[in-house]
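To start, the structure under review is shown below, and the notes come after it.
Chain naming follows the written order as A, B, C and D, and within any one chain the residues start at number 1.
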Amino acid sequence: MSPIRYGMIGGGQGAFIGGVHRTAAAIAGNWQLAAGALSSTPERARESGAQIGLDPARTYGSWHEMLEREAALPADLRIEAVSIVTPNHMHAPPAIAALEAGFDVIIDKPLADTPDHAQAIADAVSRTGRRIAVTHTYTGYPLVKQARRLVASGRFGKVRRVAVKYTQDWLSRAADLVDNKQAAWRVDPAQSGEAGAFGDIGTHAANLAEFITGERITAICAELTMLPGRLIDDDGAALFRLSGGGKGTLTASQVLVGDINDLAIDVYCDEAGLHWRQEEPNTLRIGYRDKPTEIWHAGANRPYLAGDVLAIQRTPGGHPEGYLEAFANIYRAFGEQLRGAPSQHEDEPGFATIDDALRGMAFLRASLESSRRGAVWVDL
Amino acid sequence: MSPIRYGMIGGGQGAFIGGVHRTAAAIAGNWQLAAGALSSTPERARESGAQIGLDPARTYGSWHEMLEREAALPADLRIEAVSIVTPNHMHAPPAIAALEAGFDVIIDKPLADTPDHAQAIADAVSRTGRRIAVTHTYTGYPLVKQARRLVASGRFGKVRRVAVKYTQDWLSRAADLVDNKQAAWRVDPAQSGEAGAFGDIGTHAANLAEFITGERITAICAELTMLPGRLIDDDGAALFRLSGGGKGTLTASQVLVGDINDLAIDVYCDEAGLHWRQEEPNTLRIGYRDKPTEIWHAGANRPYLAGDVLAIQRTPGGHPEGYLEAFANIYRAFGEQLRGAPSQHEDEPGFATIDDALRGMAFLRASLESSRRGAVWVDL
Amino acid sequence: MSPIRYGMIGGGQGAFIGGVHRTAAAIAGNWQLAAGALSSTPERARESGAQIGLDPARTYGSWHEMLEREAALPADLRIEAVSIVTPNHMHAPPAIAALEAGFDVIIDKPLADTPDHAQAIADAVSRTGRRIAVTHTYTGYPLVKQARRLVASGRFGKVRRVAVKYTQDWLSRAADLVDNKQAAWRVDPAQSGEAGAFGDIGTHAANLAEFITGERITAICAELTMLPGRLIDDDGAALFRLSGGGKGTLTASQVLVGDINDLAIDVYCDEAGLHWRQEEPNTLRIGYRDKPTEIWHAGANRPYLAGDVLAIQRTPGGHPEGYLEAFANIYRAFGEQLRGAPSQHEDEPGFATIDDALRGMAFLRASLESSRRGAVWVDL
Amino acid sequence: MSPIRYGMIGGGQGAFIGGVHRTAAAIAGNWQLAAGALSSTPERARESGAQIGLDPARTYGSWHEMLEREAALPADLRIEAVSIVTPNHMHAPPAIAALEAGFDVIIDKPLADTPDHAQAIADAVSRTGRRIAVTHTYTGYPLVKQARRLVASGRFGKVRRVAVKYTQDWLSRAADLVDNKQAAWRVDPAQSGEAGAFGDIGTHAANLAEFITGERITAICAELTMLPGRLIDDDGAALFRLSGGGKGTLTASQVLVGDINDLAIDVYCDEAGLHWRQEEPNTLRIGYRDKPTEIWHAGANRPYLAGDVLAIQRTPGGHPEGYLEAFANIYRAFGEQLRGAPSQHEDEPGFATIDDALRGMAFLRASLESSRRGAVWVDL
C-alpha cells in the first residue's frame, strides 16, 4: 500500500502541533509529507520548510498557492490530502478550499473557531464528497479503545456516572500571555474563538467521555472563569447528563498548578468502574464490587485485549507507547480509509469524524451559553 | 492527666461505628469507657454490654436510664461525657438530654437528621454551656492538618479550585437494602433524615474542603439521584463556590462500583496543587509549576511537618497510621479540651465544633433544595 | 473473656517500641497493663510509670523486683505475662527469670543479642512449659497473611524467586550516633549484639520471606558493610536459597537515603507474582502471565479474603489499618492462646514462635559468618 | 542536514526488533532506510522487503550481496551505514564485513554471542576507523540521562548501593520454546551464545547501572538457574561491587510471572536515592532524608531538567514519550555523530560505544563463570 502524499498547512517555526503531526505521520508509516505552506508569511514559510527538509519546489508561500499548484500536478505526483494545523480561526478557510480543490483533509481540533465556521466545513464535506478526520488524539490510545470495547460489550451494565477532567497549568500566571506564541493565540478570541480552555482541551474531555461511553452529552451546566485581565475562559467545571441516563462532571483548566497535561476519566457502570489517565496511558484500572481491582496493561501481546486494540500497537507489553504513537494511530486509520483498506477498528473508524467534531462545537456552544447565563442547564 | 470517663449511647451488636469509637478512645489513651446504653432494647443492650466486657452494673437498658442513674453517682465516679453513635434520627434526643444532665457530648456526624433537630442541639449547647465535639473523622488525619497549615500559611497564594469526592460502592445493588443493618437505616428517611449519601458522606467531603481551605462553601448547584426503588439520594454531584472566590466540584455516592471508601481532595492554589486521598492517607502530594512534584510523608519524625502535625502522630515515618488513629486524634483533642489541657492544635481545636456541624446541615439543606429544584444554584 | 494482666519490662521515657507495645495491647482489647519496670534505674522507672498513668503501687524500680513482688500477689490479681521491650542484650535475663517465675512472655525481636542467649531462652521455655511470643510485627498485617494463604494453597505452583528488602535511612549520617538513644544502642555491639541492621531489620525481612513462602532459608551468601567509624553492619545484601528449591535476594540497610521504613517483598511462583510493601500495607498486588494484574484490598468485608484474614481486621475496606493494628494482631493472637481460645488462624498461631525466633538467630549467625569470610555461601 | 542512508541486515517477517529499529530511525528523523537484506533466505528476504515498501532493486537476498552491491553504487546514492538486527550469533560476520566495506554500523545488543566474536568486532572497528553504536535502548530515556547528570554532579555525594533488575515472564513456561521464533533463538546457545536471560537483558541492567552511576562493575557473585529442560540461564541474581566502593544487586529473569518488561533501578547516594522504572519512564523519583520525596517529570519544557535532557525530547510535559522515542534518541545521536554535528550530549555520546559493549561481554563472562563455580566472586 503506497503512502498518502500530503501537504501541511501551518506548523512552521515556533509551532508545536505541526511537528507532532509530522512525527505521527512518520510513525504511522502510511503517510508521506510532500508539500507544505507552513507559515502565514512567504518568507517564514520557506524558512520553516527548509528547516524540516521539505522539497523547496513544493514549499509554498501560502496555502492558496499550495492548493492551486498541487492541484495542477499530475495525479500520481500531487498531494492527495492536506493536514491543517493552524490556529482555530484559520481552520475553515483552508479546509473548505482544500475540500473543494479535491483534497481529503486531516485537521486539528477543535474543528473551527465558531459553530458557523464548523458548519461551513461540514457543508463542504457533504458538498464535495471528500473525507475528513479530526485529530482528537486521545482516542488513539489503545487502552481508551479497550475501555470503549468493555463498555460497549454490555458486560458491565449501563453507565451511571462519568468524571472527566483535562487540566493543565501552563497559563497559570498572568505573565504567561507575554512572549509565548502558543499562549498568545489560544487566549485571543479573535484567533481561538469564543472559548479558551473549554475549546482547547474541554472538547477533548467531552470527546473522550462520549467515545468511551458510546453515549452523547445531552445537557450541561457549566461555570467558566478566567484570571483577571483575560478575555476567554481558562478554567471551568460542569455537570452534564448522558443520553443513556447517566450523569457526569467535567473540569477543564489551564491554570491548575501542578497538573501538567492531566486528562483523566472515570466511567462507572453498574458492575465496574473504569479509570484511565493520559499521563500514564499504558494501564487501565478496573474496580469491581466483589473482586480485586484489575490493572490491564497495554501491549501488542496482551492476550486479554480486544483484537483491534492489539492491532494498533507496535510493541509488546512493557515497552511503553505514548502520545506520538496515539497520534500516529489517528493518521494510520485515516490513511487506511483513504486507501480503501479494511478498517482495523471494530465499531468506529479509528478517528474523530465530522459528526464528532460538530458535537464538540455544540458542547462548546452550550457550555459558553450556560456559563454566560449564570451556570444554568442548557441542552445540546 | 486522668482519663475522661464516658458512657456510650448506641454501638451495640451489629453496629459498626460504635466499635470504632471505642477503639479510637482506647488509642487516644485519655478516655475510659465506664457505662453504656448500647442498644434500643434492654435485652440487646445488656447482651451488647457483656460482649465488650462492660461493667454489668453500668450497662443500662436505655439512654434515659443511663443519664439518670449516672447523674446520681458521686462526681468522681460518674461518667463525665457521653459518646453518641446511634442512627441520625436518634441523635438529638439523647444529645440534648445529656447536655441538660450536665454531660459533655461527643457525637457522630451528621449532627442530626434534620436542620431543626441540629439547631435544637446547638441551642442546648448554648443553654447549658456544656461542650460538644462532632466526629468528622477525616480531619483527624495528620496530613489533612498539614494541608490546612500549608494553605493557611499563604505561601501558595489563594485557593482557585477544589475537587472533592467521597465515593463508595456498598449500596450499588438493589439487594443491598435487604438484610443489612448498616444499609437499612441509612436509606430510610425516617431514620437517616432527608439526605442519603450526601448526608452520610457528602457532609464529610464538604467538611474536608472547608477544613483544608479555611474557607466556606457559599453556594451550591447539586444534582442528586438514586437507584430505582430508593427514597433518598445514593449518588450526586455538585458545583460550588467558596467564600474566597474559588470554585469547586463535589461528588458523593454509595453506588460507584470499585470505589471502596474513596474520599479524595485536590486543592489548587495560585502556586501549588495539594492532593490527598484517604485510602492512602500517609502521603500528601504537592504539584508545582516549575519544580518537581513533592510527596510529603506522615510520621512523628518528619522534620518538614508542622509542630502540631508531629504532635498527634504515634509512630515514626514509614510505620503507617490509619483510620483508627485519625479517629483517636479527635477523641484525644476533645479529651484534652475537657481537661483544660493546652491545645496541641495551632488554629483549630482538633475536632469539628457545633458551628462546623451546623454548616454541614446548611450544606445538606442547600444541596437537597438545589436538586429538588432541578439543580439550580442555592446559597448557603 | 477477661483480659490478660501484664507487666512491661523496658519501654520508659525516650523509648519508642514500649509505647507501641502498650497501644497495640490496647487495640487488641484482650490485654491490660497492670504493672511495669520501665527503666533501668528506679527513679526513671517511677517517672516513666507516672507518665503513662501506671498504678504507683505496681510501678517497680527493677524487673527483678517486679517479678518477685507480682509472684507474691494473689493469683487473680497478679500479672499473668510480661512484655519485654528492652534493648537486645537485656532480653535473655528478664525473659528467663520471668519464665521461671511462672509468667508467660511476649518479647520484641530479635529474641536475643547472641545465639547462646537465644538458646538459653528457648531452653527455659522447654524447661518451664510457659509460653512465649516474639513480635515479628509485620506478619500481623492482614495481607501478609493473605499472601501466605495464597502460596500455601498451591494454586500458584511452587516458589521460584523471592526478593525482600528492609531499608531505612535513619542512620545514614555519621552524626546519627550522637544524642539519639534509639541509634546508640542499636549500633553498640555490647547492647545490640554482633549484628546491626541485619539483626534489627534483616531478621524481619527473613521472617517475612519464610512466613509468606512457608519455606526455610537453607543457605546464604551475604556481604555486610558499614559507614566509616561504625562497629557493626548498617547495610548489606545477600543471595539465599530456599528449602523448596527457589532462590532469593535480601537487602537490609539503615543508611539508604529516602527509604523510610521500606520493607517490601516480591514472591514469584510458577503462575503468579505476589508483591507487598509495608508502607502501603492495605494492597497486595498479584501479577499473572495472561491476565490483568490484580490489586487485592484489605478490609473486614472484602469477600475474596480468607476467613482468618477477615477475622483479624477491625474496619471495612477503605478504612486503612496500619502498623499499630498489625502489632495488635500479634498481641491479640497470643492473648487468645493464653486464654485457651480457639485460634483464629488457619495454619499458624498468629505470632512468631520460639522456633521462628531461633531460625532468625541462625539466619543472623550465617549472614555474619558469610560476610566475615568474604561473602561465601554458608548453610543455616 | 541530510539523512543517513542505511541498509538493514535482519529484521524480516516474524522478527520484532527490526521493526523497532526502523520506526526509531523514522522518529529520529535523520535516517533513511535505503536498502535491506532482511532474512536469511533470498526468498523471505524479498518478501520481507516488499512488505515494508523497500525498493525492490535494493532488497538483497543476503547481506554479502548487499554490502558488495551497495559499495559499488555512487557515493551519493549508496548506503552509508548498516543496521544489524540479527540473532546474536549472526552479529560478528556482517558487522566485520560491513566495517571493512567502509560502512558505519549500528548494532543491537549484546555485541556478539561470545567474547571472542565481540573482540573481533572491536578489532575491526580499530582497524577500519569506522564508527559503531550499540543499541542499549534504555539509556536513551530522558530521565535516565537526568539521573546520570544528577549523580555526576556530585550534589548527592557518592554511590552507596545500586539495586537493578530486569525481569520478564515471557519464557515462564516450558511450552514457551515451541512455535515462538523470538524464544527459539534466545534459548539456543548456538544462536544466542552461552548466556540466556543474563545475555539478553542482564546486560541491559548492568549497562544501566554503569551509565547512571558513571562507575564500573568490578566484581560479581552470580547464581544463574533455568527451568528443567533448558540449556541456558533464564533466571539469576547477583551481588556486585562498584569501582567507587559501592555495592549492588542485580536480578535478570525471563520466568518471573507478572513482570512484563520490568527494568527498574534504585541508586542510593550519600544524600539521596534515585528510582526509575522503564514501564513508567516519564517520572524519576528522588528520596531524601530530611525533605519530601520528589517526582521529576519528563517533558521538553520542564525547567528543572538538564539542557541535553530537554534537547532530546519531542513533546512537552504530560505528553508521554516511550520506548520508541528512547530508541530514536540512540539513532539520532549516532546519526548526528556520523554527520559531524555537535553532540547534544554533555558527557557521553548519546549511545553505547564499543567499549561499553565490551564491558557488557566481560560482565556476561564473569557472571557465567561465577555461577558455574557455585556463585563465587569473580573479577571483571
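Just so we're on the same page, contacts are C-beta pairs under 8 Å (C-beta built on N, C-alpha and C of every residue); 3 or more make two chains touch, one makes a residue touch a chain.
Everything numeric in this text was worked out from a predicted model, so none of it was measured.
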Are the two sides of the subunit B and subunit D contact the same residues or different ones, given that same means over half of the numbers occur on both copies? same
Between subunit A and its twin subunit B, rotation from the CA superposition, multiple of 5 degrees: 180
So which chain is the furthest away from subunit C, centre to centre on CA atoms? A
Starting from the mean Cα coordinates of subunit C and subunit D, work out the distance between those two points in Å. 43
Can you compute the centre-to-centre distance for subunit B and subunit D, using the mean CA position of each chain? Integer Å is fine. 55
When the centre of a chain is set as the mean of its C-alpha atoms, what distance in Å lies between subunit B and subunit C? 34
If you look at subunit D, which of its residues touch at least two other chains? 286, 293, 297
Over in the complex, which subunit D residues touch subunit C? Could you list them? 160-161, 163, 165, 169, 172-173, 221, 223, 225, 235, 237-239, 247-249, 251, 253, 255-259, 268-273, 286-289, 293, 374-377
In the complex, subunit D touches subunit B at residues 286, 290-297, 303-304
The residues of subunit B that touch subunit C in their complex are 2-3, 16, 19-20, 23, 26-27, 29, 53, 168, 170, 260-262, 278-282, 297, 299, 301, 314-325
